[in-house]
Structure formats: C-alpha cells, structure tokens
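What follows are several structures.
One chain, chain A, appears in both complexes that follow, with chain B as partner in the first and chain C in the second.
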Partner chain A sequence: MSFASVTFFVFLGILIILYYALPHKIQWVLLLVASYVFYLFAGWKYLPFLVFTTISTYLGTNYISRNAEASKAYLEREKDHLSKEDKKAYRAQAKKRSRIAMILVLVVNIAILFFCKALLVDPFLSLAKGNTSLSFLTLGLPMGMSFYMFQSLGYLIDVYRDKAKALKNPFKLALFVSFFPQLVQGPISQFTELEESLFSEHAFDRKQIAFGLQRMLWGFFKKMVVADRIAVAVQALQGEEYRGFAFFILMIFFAIQLYADFSGGIDIAIGIAQVLGVKLPENFNRPYFSRNIADFWRRWHITLFQWMKRYIFYPISVSKPMLNLSLKGRKKFGRFGMRIPVYIGTFLTWMGTGIWHGFHWHFILWGFLNCIFIVVSEELTPAYEKFHSRVSFSNKKGYDIFQIIRTFLLMNLIQITDLFPRLSEYFGKVASLTYVFNFHILWDGTMTKLGLTGTDYIILLCGVVLMFAVSMIQRKGSVREQMLKIPCVIRYGILFIMIFAVILLGSYGIGYDASAFIYNQF
Partner chain B sequence: MESELREILEEIRPDINFDAETQLIDGGILDSFDIVTLVAEINARLDIAIPAEELIPENFNSAEALLELLERLDEE
Partner chain C sequence: MRKKAALRIIISVILFAVIFFALQRLLMPKYMTESKEGAMIQEYYQNAGDNDVVFITDCEVYENFSPVKLWNEYGIPSIIRGSAQQMIWQSYYLLEETFRYESPSVVVFNVMTMTYDSAESVGDQSKMEAYNRMTLDGMRWSKSKVSSIKASMTKEEKEKSGIWSYIFPILRYHDRWNDLKEEDFRCFFKQDQVTDNGYLMQVKVNPVKDDYPRIPLVSYQFGDICYEYLDKIRLLCEEHNCQLVLVKAPSLSPIWYDEYEIQILDYANEHDLLYINCLEHLDEIGIDWNQDTYDQGLHLNVYGAEKLTVYFGQILRDECLLQDRRSDSSLSEKWTEKTRLYDQRKERMEKERDQEADIQP
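On to the complex of A and B.
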C-alpha cells in the first residue's frame, strides 16, 4: 500500500476514526493491527522476516533483562559473604552471558539482512552467480527491512547496555518494530525516544492533527510535484552523450530529486505519526545549508547516522584494542598517532554504511569519499581557524555562502555515485567537467528533450523556490506555528493551493509508481 | 583528577570555556571526533576506560558531568 494511494487514505481515515472513537486504552493495539495490515499489503511473503526479527529481539532482550535482574538479586543477597573481587567476577560472568545472547540475536538478524540484500535486491547479480532459483528471487527485499531491523537491533543493544528496559509484552515490542509510518524508509527511532508517545493514550487534539496533516501535505508536494517530476530528466541525463555541463546539471537535478523524495517521504511519515499523537524524530535539518561534509551528515538522514555513531563508530573507536593502539600511536607519532582510533572507526563506519546501501563498488566508493572528505576537513580545522583569525573576510556573509555552495557541490559529487554502478563511467563523467564546456545545452533545445516541457520547468522552479523559502523560514522555528500567526483566510488559501498543486501538478505518468521512494530500496 | 581532566579538555579544545558550558554535546560544540580523542586521552593519562555505552550526551554535556562519570567508573 503506497502512502500516495486512495487505498492508503481510506485505511488512514478508518484508523483515525477508530483510534479516537474507541477507548484510548487500546490505541496501541489498534496501531499494531494497522501496522500489520499495512505490512500485509506489501505481501504476506515478507511477514516471516518481520515476525522473526520481533520474536528474536523479544527473546534476546528478555533473557538479558532476566539475567541482569537475577545477578543483581544474587549480589544483593550475598553482599555480606562475597569479597569485592568475587562480586566483580560474578558481574563480569553475568555480563558475558548477556553479551553472548545479544551477539547471537545480532548475528542472526544481520546475516538475514545481508543475505536478503546480497541475493534478493540484485536478481541479475544472483542469477549471474547461478546460486539460487528464480522463484525465490521474485521475493525482493522485504519492505523497510533495514529500517525495522536497525530499530530492533538498536533496542537490543540498549537493553544490553541497561539504557532501555525490556518489554514484557511481546505485542508492544511488535508495535515498536513495525509501526507503519516508519516502515517505508524510516526515520529510525530509539526505543527511549518513542516509548512514551507510542504506548500512551492520546486524546483528540485538533491542533496536532491539523499539523500532522499539513506536514503530510508538504511531504506529498515535495515527493509528487518536485521529486517525481524531475526524476524524468534525471533518468534522461544519465545517457552516455550527456557530459560536461550536462553532467553538472544532472548533479544539481539529482540533488533536488534526492532531497525532495527522501525528505518528502519522511515528512509524510512524521505527519502520519503526528496525526496519531506519536512523535517521530526528525531526519533532516536543512542539509543543503551545511558548511562542511561532517556538518552535512549531522543534518541529512540524521537518525541513520546517529545509529551508526552510537552502535558502530563509538564501540569500535573506544574498544580496548583501539585504545591500546592509540597509546602506542601517541608515543610514536604524537597527536596524529593518538587519533588512529578515530580514523579507523570513521573508515569502518563509512565502509559499513556504503556496503549497507548495496553490494556494489559505487556504494563503496561513496563511503570512501565521505570518509576521506570528513577526515581531511576535520584534520584541517586547526589550519582553517588559524587562517580565519588572520584573514578578515572569513567572518563575512559571502564566505558563509561560499562554504555552503562548496559543501553542496562536493556532496553532489559524492551523491551522484548512486547513479553510476560502473565506476569508470562515473570518473569519466566527472573528468568531463574539466574539458567539456557545452553551456549551449541551456538554449539549443537539449533541455526540452529530457522529457520535461517548459511548464514542467516552471513548476519545478516554483517548487524549488518554495522549498528554499520554507528552509529560510524554518530558521526562525516551526513553519506551521508561524503560519498560525497569519490571518486564517490567507492560511487556508495557502493550504488549498498546496492541495490543488499536489492533485493537479503531481506527476502521474503511465506506469507511475508513487510508492517507489528512492530510499525504500535500502 | 579534576585538574587533570581540565588540562586534557583545554588541550583538546582550547577555544571552549569548560566552566560555563553545559551543552557541549546538545549544543554541537564537541563532535564525535572530539569525544573519541577525549576518551583516548583520558585512558592514556588517567587510566580510566570509558565504555561505548557511556558515550551519551548526559555524560559529556559539561565538564562537571564528565568528572562525575569518571569518578563513578573509577569506583567500579
């Protein structure tokens, strides 16, 4: 069931009526039923994966919790008879048992994820290897698998770390894992962030519901009016003949498409949850206004990168072997040597993120480029600061804009790797930027051969200007809160224009699939 | 321990007034690179290993919170 379908709106309408009409005590049960109904629409074949992750996480977290409680009770009971060393040894043993349970659940689930990604996402690759049957390949990657798995595994680790409690009710855990607005492409929530609003009772709150619907509307606008329209040109511009300045235009168009598509999908997800009184974490914070690559990754797909930092980067970087390496490095190479764990942690995290996107060289290159840019920019920070303190223009607005544009273009160079599975083609196109100066494509009719008409370009321009304006307004806080301050005639006028824009200007060509969000495939 | 911690903090980020700051993480003043460098430095000079699960904003938002964490880990 796509978010942009009549079926979904009927489904959501019925859910909202029942959600607020029935006793509030059963709201979370209703959400669980709705989530499973939503998931079943994607295909019953995917259900075993979701159920398996839920059951294994439930068993793992409850074992860890029981083990911790039993060990605590034992230590309390025997506190007068045990020495400090005995207590320490007992605690270490109990922790080891929990760790084994955690690792077991982690390994099994990650193995399933990797298996599905390696074999199911790329049928041609699997076929070439001849290691599986066609009927099995037609399964495809279970919808939202990465996202619900990230969420469950994060929760498992949090319980192990004693940062979250283990849910005794398996159905509550099932809801946390499968909450439908998040299933398509995130955002990824931490249990402690989501717990309260997911399981508590929600009274009918007109303002929250209106805000949620407005957020959904904005998401649909970005996705259907901007992303799906520009997608046609992005597709066309990938042709072999488009080099030099045409490749530059492709980079800009793809940046617009990716942001409008992904952040639009997240707006829809956050909006649906808000209508139901559930608060999901934000996933974007005006990323194209970032000053450097590290800053960009603090503002783009925030929840994934928080996850990566919390559960991959930190555990690697502060592990015992890394700290020992840091000690040795410090003696030999000073400050640079001491930071070896940072470099290794960054490298492994980005390689992992690249591979998670898919088993292709261009994703590995994507991870590698991000890692290099971040490490270099981090290491050059002292030099930048020295330079800024001596050169006065660094404090001027012009320099800020320069940094923003530089980061935007660098990120475009990295993001565009998504479109070129063949690395030689990518490098060839990038190189063409330096010697093919075909600016004439702007006026020689090339732009109208990309599947977009003059009207399409005007609509896209308006959409991009609107997204830019909203980003500027966001600097002063919530746009919807600010809209409340304007006369209601104008406010409703804007909302009606937006609704009509989505209905009339949304891209609905032949074979159009509104459910196909770019990030859905991950 | 307090004076050594202060020394480490000032070496890593001399530009920050650690007496006044209470939003080091939430305010985006220290990034993940700073945190890992700090953990490595504390391990080298104070011989206290901070595990990954303690790398949360509450423990690093201020010098005082960090000192409390180190004292707790030292006792354990």
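On to the complex of A and C.
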C-alpha cells in the first residue's frame, strides 16, 4: 500500500477513528494490527522475514536480559563465597554468553539482509539468478527490510550494552519493529527514543493531529509535485548523449529529486506518526545548507548515520586493538598516527553504508568518496582555521554562501554516483564537465525534449522556491507553529492551495510513471 | 471556543468538498467536439424508458443503426447503448443496468465484439484505458457499474489507482487543467446531446477504395470469456422475457472471417437465436460503398445507416413481431421532437460538410 494512494488514506482514516475511539489502553495493539495489515498489502510472502527478525530479536534480547539477571543474582547470592577473581571470571563468562547470543542473532539477521540484497535484488551477486528456477529469487527486497532490521539490531545491541531493557511482551517488540509509518524508508528509531510515545496512551489532541496532517501534506507536495515531476528529466538526462553542462544540470536535478523524494517520504512518515501521537526522530535538517561534507551527513538521513556511528564507527574506533594501534601510531607518526583508528572506523563505516545501498561498485565508490572527503576535510581543519584567522573574509556572509554552494556541488558529485552503475560512465561524465561547454542546451530546445513541458518547469521552479522558502523559515523554528500566528482564513487558504496543488499538479495516475520512494529500495 | 472550532472545521469541510467536486466536474472531459463517443453512455438516462429495442456494443451499432429512422419507418422505439470499443463484459453490465430503467422486447447484440476477449486483444493499452473511461465514466453508480469497472480495468489502472479513480475521476483527470477548452466551462452544468437516441451521425462520404486483405490469423477461436458473457447476456434476456438478436453489422473492416461466422452460427443454432449477418445481405440493404460510408467501409454514414435501419426494421417487425406504436400519442410526440432534432442535426452537418468541401482545394 503506497502512502500516495486513496487506499492508504482510507486505511489511515479508519485507523485514526478507531485509535481515538477505542479504549486508549489498546492503542498500541491497534497500531500493531495496523502495521501488519499495512505490511500484508505489500505481499504476504514478505511477512516471514519480518516475523523472523522480530522473533530472533525477542529471543536474543530476552536471553541476554535473563542471563544478566541470573548472573547478577548469582553474584549477589554468592558474594561472600567468591573471590574477586572468581567474580570477575564469572562476569566475563556471563558477558561472553550474552555476546555469543547477540552475535548469533546479529549474524543471522545480517546474513538474511545480505542474502536478500544480493540475491533477491542485486544482479551483481545474483549471477545464479538466470540459472535457477527458485521462485523466491523473484521476490524483490522485502519492504523496509533494512529499516526494520537496523532498528531491531540496534535495540539488540542496546540491550546487550544494558542501555535498553528487554521487552517481555513479544507483541510490543513486534510493534517497535514493524511500526508502519517508518517501515517504508525510515527514520530509524532508537528503542529508548520511541518506547515512551509508542506504547503510552494518547488522548485526542487536535493540534497534534492538525500538525501531523500538515506535515503529511508538505511531504506529499515534495514527493508528488516536485520529485516525481523532475524524475522524468533525471531519467532522460542519463542518456549517453548528455555530457558536460547537461551532466551538471542532471546533478542539480537529481539533487532536487533525491531531497524532495526522500525528505518528502520522511515528512509523510513523521506526519502519520504525529497524527497517532507518536514522535519519530527527525531525519533531515536543511542538508543543502551544510558547510562541509561532515556537516552534510549530520543533516541528511540523520538517523541512519547516527546508527552507523553508534553501532559501527564507535565500536570499531574505540575497540581495544584500535586503542593499542592509536598508541603505537602516535609514537611513530604523531597526530596522524594517533588518528589511524578513526580513519579505519570512518573507512569501514562508509564502506558498510555504501554496501548497504547495494552490491554495486558505484555504491562502494559513493562510500569511498564520502570517506575521503570527510577525512581530508577533517585533516585540513587546522590548516583552514589557521588560514581563516589570518584572512578576514572568512567571517563574511559571502564566504558562508561559498561554503554552502561548494558543499552542495561536492555532494551532488557524490550522490550522482547512484545513477551510474558503470563507473567508467560516471568518470567519463564527470570528466566531460571540464571540456564540454554545451551551455546552448538551455535555449536550443534540449530542455523541452526531456519529457518536461514549459509548464512543468514553472511548477518545478515554484516548488523549489517554496522548499527553499520553507527551509529559510525553518531557521526561526517550526513553520507550523509560525503559521498558527497568521489569521485563520489565510492559514486555511494556504492549506487548501497546498491540498489542491498536490491533487492537480501531482505526478500520479495513468500516464505518469510515478516512482516509489527512492529509499524504499534500500 | 470548542463550538467555534467545530464550526470552523465544518465550514472548511464543506468548502473543500464544493471546490473538490467543482474542480472534478470541470476537469472531466465533456466529449462535445472530440471523441463524442465518450458522451454517449450518460446521454442514455435522458432517453431511457419505453424503448422496444436496445442495441448494445460498439461503433458497429452506434454508427450503423438509426433509431429515429426505425421509428419513422416502423413505429418501433429503440435506443443504442453503444460506446467505443465496448467489451462484451461492458455490454453485459450496461444491459443489466438498462433492464433497471426499461423493459425492451428485443436486444440487438453485434457479434464483432466476440473477437475481443481481453484488453490486450484491443492493442494499445493506453487507448484501452481511454475506451474504458468513455464507457464507464458516464454510467450512473450501481452494482452494475462497479462490476463493469472491476471487469474492465487494465493492468496499469489496477496498479496505479484501482477503482478509486472511477469514484473520484479527478484522480484520473487531475492534469487536464492544462488542456481545458471552452466546452469544459460551457458544459459545466449541462452537456449537449451528441447523439440521436445513441446514434452518432456521420454525413461525410469516403468511398471504399480497395478490398481489405484477409490476413490469416493465428487463431480464430472466440475467447472463453466472450462465450461466458454471451451466455450471461442470453440468460439475462431470458430472465427479462426479451429476445436476443445477434447481428453482424455491414462493416468491411475488421474482417469478419468465415471461422467467426461458423462459431456464431453454431451458437445461434444451439440456443435458437436469430442471427443476421448483414454482410451477406448488402444488395438487399442497398449499400453503395461509394456513397454510404464515411471511412472507406469501416462504418456507414447516415445514408447507409438509414438504409440498413429500413432493412433491419422489417426483420424486427416480421421476425420479432414488434408492433407499430405510432398511434401512442405521448410516444409519438416524443419521437416527433427527436425527429426534428435529428433532421436539424443532419441538415447542419451536411451544410458544414459542404462548406468544408468548398474550402478545400
């Protein structure tokens, strides 16, 4: 069931009515049922994957919890009979058992994720696909698999680290794993962040519901009016003949599409959750206003990169072998040597993120480029600071704008790798920027051969200007809160215009190739 | 405070609904000047009731039979429930609906429809979707319409919007704001009549030039689904005490193969149905392919249609024993008005045709 379908609106409408009409005690049960109904719309054959992840996480977390409690009780009981060494050894044994359980659940689930990504979706590792008659190979990636798996595994690790409590009720865990608004493309929630609002009772709050619906509306506008409209031109511009300045335009268009699509989807997800009284974490914070690549990744797909940092980067870079390496490196190479574990952690995190996107060289290149840009940027920071302390223009607004544009273009150069599975093609196109100066495509009619009419360009321009304006307003706080301050008639007028803009200008239905959310495929 | 908020919400909902449905009405195509076939289905409701004969299926009926002529020659009131590329399941559901509005004595079914057993058999899927809309949008909401939609939707329609875009056509026509014409505003509340009791008049003359080639087909077998719906149509007619007449209109293309003829003859014999293949009676009908077609033999123009109607009316009178009802004064009054409009339309169209001919070098 797509978010952008009437069926979904009917589903959501019924859910909202039941959610607030039935006893609030069973709200979480209703959410669980709704989440599974939503998931079943994607196909029952995907359900076993979701159920398996839920059950394995439940068994894993409960084993770890029971093991910890049992060892604690044993140590308490035997505290007078055991020596310090015995206690230490016993703790280590108990921790080892928990670690084995955690690793087992992690490995099995990650193996399933990799198997699905490699064999069910990705042609790179699915060479056997053509030679096999196994029907499950044509399944496609189960909907939202990466997202619910990240969430479950994060929770498992948190329980192991004693940062979260194991849920005794398997159905509550099932809801945490399958909560439908975030199932499609995130955001990825941490259990401790979501627990309270997901399982507590919610009274009917008109303001929250209105805000949730407004957030959804904004998401639909970005997705259906901007992203799906520009998608046609992005598709066309990938042709072999479009090089040089045409490739530059593709970069800009793709940046708009990706942002409008992904952040639009997240707006819808957060809006739906808000209507139901559940607070999901933000996933975007005006990323195209970032001043460097590291800053960008603190503002784009925030929850994924927090996850990567929390569960991959830190465990690697502060592990014992890495700390030893850091010490040795410091002795031999000074500051640079000391930071070797950070580089390794950064490298592995970005490679992991790249591979998570898919088993393609272009995704690996994507991870590698991000890693290089971030490491180089970090390493040059002292030099920058020294330079800026001497040159006065560094404090001027113009320099800020320069940084924003520079980061935007650099990120475009990285993000565009998504579209070119053949690296030679990507490098060829990038190189063409330096010697093909075909600016005439702006006025020789090329732009109208990309599947967009003049009206489409006007709509896109208005959409982009609106997104920019909203981003500017967001600097002063919540746009919806600020809207409350304007007269009711104008506010309703704006909302009506937005609703009818989505209905009339949206790229959907017959004759349109409205795409699924881009991040749905990951 | 709460009262004020509730009032605000109610006003907003009403306002939203008014704008929504007004926009929907505006954006839905009116089919007044182009693809007039799209306006025919909804016209039926203005002319429903008290018709002895109902013609169903596609252009082979709505361009080949003239109800006004049938009335004036034989006093038989009739109506055509035709639409472009009407699939047999659509014919069935239209007929099912028709029986709720009137009780005809005869249903005339054109058998060419038996050759289309799926949306794919029609060819271009986008065209098929457009044909679906032309047949289904005009129907009033009923169980028959829902069933017809479900049976008709193309794969793309099912995937993208399902039945919702029929319930809320704005979801289908939302981007027509860029193509709005004068007729969309003019016919916002009331549409013009484009047919005469379902007959779509054509006055141009475009003679047949060459024989249409009889290209051998991979299969001549009618699809199971066509037989299934033909059975349903037959049973529906029996249930309503109505005679089903099978007819093959005198259209030269698409080719009516002998293999088709055999299958229909078998079916008609098996179920004791009257079957008239007009292609075998061209001389009796008096069709002159130099004068009586507007598109080289694919369909008849009004002159050909009137000849065919005169021929077919006699069969209806002799074989189906339909009575002359011209003595019914209220009916007669109604048909006199229809005849006036028919003659007016014919005259106007002939004039336009002649003017067009004068302009062309």
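The rule we apply is simple: the second predicted complex is superposed on the first by the 505 of 522 C-alpha atoms of A that agree within 3 Å, B and C clash if a C-alpha of one lies under 4 Å from a C-alpha of the other, contacts with A are read in each partner's own complex, and residues count from 1 in each chain.
Everything that follows uses one rule, which is that a residue touches a chain if its C-beta (ideal position, glycine included) is under 8 Å from a C-beta of that chain, and two chains touch if they have at least 3 such contacts.
None of these values were measured; they are calculated from a predicted model.
In the superposition on chain A, A:F496 contacts chain C only, with no contact to chain B.
In the superposition on chain A, no contact is made by A:K79 with either chain B or chain C. Look at A:K320: by the touch rule set out above, it reaches chain B but stays clear of chain C. Once the two complexes are laid over each other on the shared chain, residue contacts for A:C488 go to chain C alone; chain B is not touched.
Touch criterion met: A:L504 reaches chain C, while chain B stays clear of it. By the touch criterion stated above, A:R298 is placed in contact with chain B alone, chain C being left untouched. More residues of chain A lie in contact with B than with the other chain of the pair chain B and chain C. When both complexes are overlaid on chain A, the residue A:R206 reaches chain C alone and has no touch with chain B. Judged by the document's definition of touching, no chain A residue lies at the interface with chain B and also at the interface with chain C.
Looking at the complex, you find that chain A touches chain B at residues 161-163, 294, 298, 309-310, 313-315, 317-320, 322-323, 326-327, 330, 338-339, 341-342, 345-346, 378, 385.
Listed in rising order, the residues of chain A touching chain C in the complex are 5-7, 206, 455, 488, 492, 496, 499-500, 503-506, 508-511, 514. Chain B meets chain A in the complex at residues 15, 28, 31-33, 35-37, 39-41, 43-44, 49-53, 55-56. Of all the residues in chain C, the ones that touch chain A in their complex are 5, 8, 12, 15-16, 19-20, 23, 126, 129, 156-157, 160-162, 164-165, 167-168, 170-172, 174-175, 177-178.
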